[in-house]
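Take a look at the structures listed below.
Below are two complexes that have chain A in common, paired first with chain B and then with chain C.
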Partner chain A sequence: MSAATRRIRALAREAFPDWPSRVAIAVLALVLLAVLFAPLLAPYDPNALADFVRDQFLAPSMHHPFGTDQAGRDVLSRVMHGGRVSLGVAALSVVVSVAVGALWGAVAGFAGGVFDATLMRVSDAVLAFPRILLLLLMTSLVRAPSAAGIALLLGITSWPGMSRLVRAEVRHLREQDYVLAARALGVPWWRTLRTHLLPGVAPQVSVAAALAFASVIPLEATLSFLGLGLHPPAASWGNILLDGADQAAAHWWLVLFPALAIVVTVVCVNTIGERLQDAIDPRRVAP
Partner chain B sequence: MRFALRRALQAAIVIAVVASLAFVLIHFAPGDPFPSALDDPHLTDALRARLRTQYGFDEPIVVQYLRFLASYARGELGWSVGHGRPVASVLATVLPRTVLLMAVGLGLGLVGGVALGTWQAMHRGSRVERLTGFAALVVLSVPEFLVALLAIRLFAQGLQWFPMSGLVDMRMHGSMDAWERAGDVARHLALPALTLAALVAAAVSRYHRAAMLAVLPEDFVRTARAKGLTERRVILRHVLPNAIGTALSIAGLLIPAVFGGATIIEKFFAWPGMGLAMFDAAVGRDYQLVVAGVVLSGVFVAIGSAFADVIAARLDPRQARR
Partner chain C sequence: MSALVAVRDLVVEYAARHGRRRAVDGVSLDIARGETLALVGESGSGKTSLGRAILRLVEPASGGVTFDGIDVRALGREPLRALRRRMQVVFQDPKASLDPRLTVGRIVREGIDAHRLARGRDADARVERLLDDVGLAAADVARHPHEFSGGQRQRIAIARALAVEPEFLVLDEAVSALDSTVRAQVLALLASLQATRALTYLFIAHDLAVVEGFATRVAVMHEGRIVECAPARALFSAPTHDYTRALLAATPRVPW
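Entry: the complex of A and B
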């Protein structure tokens, strides 16, 4: 076993010492596999308009574990394919948020002074915008936004939190001896930032990214449920919920399974994210 | 005191930046800040041009910006196209309703969250502690609209404890006396406020529990125990006051989230406050109302977080020096 594998193993043991976090990892892996390989694994075509007189509103059974919807479509297949949209949009939005937030916070924290104060007041101001309102406004301006467009909107409304985190961490690291040494040696500021500071904030940023991922999934579902997200036939978990909401009283499986998909995924990601947070930050008290 | 002043100044700057950002956002939007009036196909190009001149949309953006700031400084917030009356008058109607919802929801949630977090810290490792902790995580992981829909289904339609939605009973409210009216509003308030409180309590309890556990190993706690104080007294008089700052600043930080959450909650419970008005304004492109709402919530957020910081500094002077 190489030193690297040993270190990862030790970290994993430290990060996931209890059964809830291990269950969370297992369940999340299962969800990710099912979603990632949906085209191969899904039992039916998610958008197939079959004989809907015969196949409409079938209760969950062996043939349709999650039942069928008003158009006779298999809900399990729809949830699996919908996950590709939901999780894909969430992941892309986190990438945007991390890219913008890390750059903004790193530059502010590294520069200091008036520049820092200016950048941080702007980030405070964006943070003070009610995010949902900003999203409603922007999605209503863009008619029929694409999945990438939604991800972009979700990302550019969530970077300020990330920037504050990175700034605080960079300001802390900036005073460390090895960084002072690099500056004393005349290493240009951008290279100091890249080789000495950004790697130092990577653990915090990845944990924050995991928690941001968990928080953006319900947000996207909310937008889609309000009819402001993706438009059919593209369907995220929020769209599937919206489709089923009318018949929820008589056909519970139409809302239960997409809702469960959201909640289970988010709970798992949150659990893992928090354990990682405890593992990298000894100041926090482990639960 | 100097800390409070500095924090107030920062808050003022943030509010100014929020207003500027709102202005920029609206001017990035396609069309004029008067879309529904100017999109009207019956308008001739000449009339449209005259309207643009009349409202000053043809002037350089800097002039428009300065005039925007000047009119806000005078307290003129513009005209709501959607409501057909001044923005200030719309806000005057909806704001008290949201403040009522937020005060009750945030207040109950804060008290409930602190109580739960304290209890959890005292019973660390017990089964109920783990169960309630997990329940809080689940509540925070469910989209707010699902919590709202579930609450309506369960408590309004199923058990019929509360009315489903709205501010008052439309049919009966007119014939009620003052007390009955207050009771009517309270019954309609209960479900959205409790839903909001549950969300806030879930968030607060998690942070407060961690803050309590961080204080427990301190020397003064050991001293208090060594004096022979009861565990209850140690927790309530020595640990809680030193840990409460976290919950307060979380509550301050939650104001924007609650404002956002309140938009969703107001939407699904049809509570006709700020959130619902903003929702309709954003979707219906009632720009001047949106800008005013954004600036106002920026004011709330800036004051809220400044207030939370100042209170935290009062409780724990170490905070002010950071």
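Entry: the complex of A and C
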């Protein structure tokens, strides 16, 4: 077993010592599998136009565990497929946020001085503006955005937080003797950034990415629920909620299951993220 | 003999809460090629700042530093980078000075890569030779710093510094964190490296005991100034400055 695998195993053992985190991992794994393999696993076509006089508003049963909606579509299949959109958009937005935020923060933290001040004022300005407002503004400018477009918007409204975190961490690492040693060796600054600083912030960034992922899922749902997100038939969990909202009083399953999907996923991701955060607490000595 | 390193009226200041704090207050000294100049003084006297200013790891407020006749302070980015090959540093805390995420091989290679001294298998061979030179095994390239003892880590730091084939080494309390047996071993290694590679040392210590028998000359630093600078033998037998006497009196005379 290589040193790397051993370290990952040790970290995993340390990070997930208790049953809540293990349950969270198991449940999240189930959700991800169900969502990822929805085309293979979903019992019905999520958009099938069924005989909706016969199939409309069926309560949960053996045949339709999550019931059916006003068009007679299987809610379980819709939620599974919707997860592909919701989680895909969330993941893509996190990638955007990490890519922009990490680079921005790393360069600012490493350069220091006026350069740092300028970059940070820009990210402060974005951060100071309420994110939901920014999203509402931007989505109102873009008519019928695609999934990638939504992900991009969510990403570019969340990178400033990421950049702050990375900057703080880089400023800390920059003072380490091994960075000074690299400078004394004549290692170019970009190479130092790549070999010492970015790998050094990777653990913190992964945790922040997990937490950002958890926070962006409900945000995307909110946008879709407000009709500002994706447009049908590309249904995300938010769209499914929106579809069911007006019949929720009589047909609870239309909103309960998509809402549960959101809550369960978010809680699991948050639990895992927080445990990881404890495990990589910088106050603890590196192995 | 002209000095390899010449420091003139060097001043290093740091921003402090009220104005500026002078860490090095007008120091002049010469370091001859091939000698070991010990720089001794209590903690906070400015030794590290002086060493780093010579290496231009901190910018002095005023004064001059020349290395082999080159004005270190006047160099632009690329010439400075080239000069860094010729002067290197080993820090006190071998835990902090080695990146915990990298293997020993990558740590030692850092300077080789930065200056493109070798690539591929040549670079590997060079790293293995360096490890051998400092008393480590070739197989250690794949291990991480935390797998080594303090003395071994300091050997890794020495190998990293030697990788760029420097002429001058600042040893900033390089053995201060080590216990006496290990310290003696590392000092013996440094002495033998100096002989085989014609190195010049600026050997920083807060403790005169470490210096005796190792240094050619000793400079005593106090509150940012050099209060006495003399050949080691003379300084130990007949110190002229009160501060040196006090420092000597506080030193248990156990030869390393």
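Operating definition for what follows: the second predicted complex is superposed on the first by the 276 of 287 C-alpha atoms of A that agree within 3 Å, B and C clash if a C-alpha of one lies under 4 Å from a C-alpha of the other, contacts with A are read in each partner's own complex, and residues count from 1 in each chain.
What we mean here is this: a residue touches a chain if its C-beta (ideal position, glycine included) is under 8 Å from a C-beta of that chain, and two chains touch if they have at least 3 such contacts.
No experiment lies behind these values; they were computed from the predicted model shown.
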{"item": "Fit or clash - chain C, chain B, common chain A", "value": "fit"}
{"item": "Touching partner for A:L30 - first (chain B), second (chain C), both, neither", "value": "neither"}
{"item": "First, second, both or neither for A:H196, with chain B first and chain C second", "value": "second"}
{"item": "Contacts of A:A148 with chain B and chain C, given as first, second, both or neither", "value": "neither"}
{"item": "Touching partner for A:A125 - first (chain B), second (chain C), both, neither", "value": "first"}
{"item": "Partner chain in contact with A:S140 - chain B first, chain C second, else both or neither", "value": "first"}
{"item": "Which partner, chain B or chain C, touches more chain A residues", "value": "B"}
{"item": "Contacts of A:D177 with chain B and chain C, given as first, second, both or neither", "value": "second"}
{"item": "First, second, both or neither for A:V187, with chain B first and chain C second", "value": "second"}
{"item": "Shortest span in Å between Cα atoms of chain B and of chain C, once chain A is used as the common reference", "value": "10"}
{"item": "Shared chain A contacts, counted only where both chain B and chain C touch the same residue", "value": "287"}
{"item": "Residues of chain B defined as touching chain A within the complex", "value": "10, 13-15, 17-18, 20-22, 25, 29-30, 133-134, 137-138, 140-146, 149, 210, 213-214, 256, 259-261, 263-264, 267, 278-279, 282-285, 290, 293-294, 297-298, 301-302"}
{"item": "Residue ranges of chain A in contact with chain B within the complex", "value": "20, 121-122, 124-134, 136-137, 140-141, 214, 218-219, 221-222, 225-226, 228, 238, 241, 245, 259, 262-263, 266-267, 270-271, 284-285, 287"}
{"item": "Chain C contact footprint on chain A (complex, rising order)", "value": "3, 176-178, 180-188, 191, 195-196, 199-200, 286-287"}
{"item": "Contacting residues of chain C [partner chain A, same complex]", "value": "55, 57, 80-82, 84-85, 88-89, 91, 93, 96-102, 106, 110-111, 113-115, 142-144, 146, 157, 160-161, 164"}
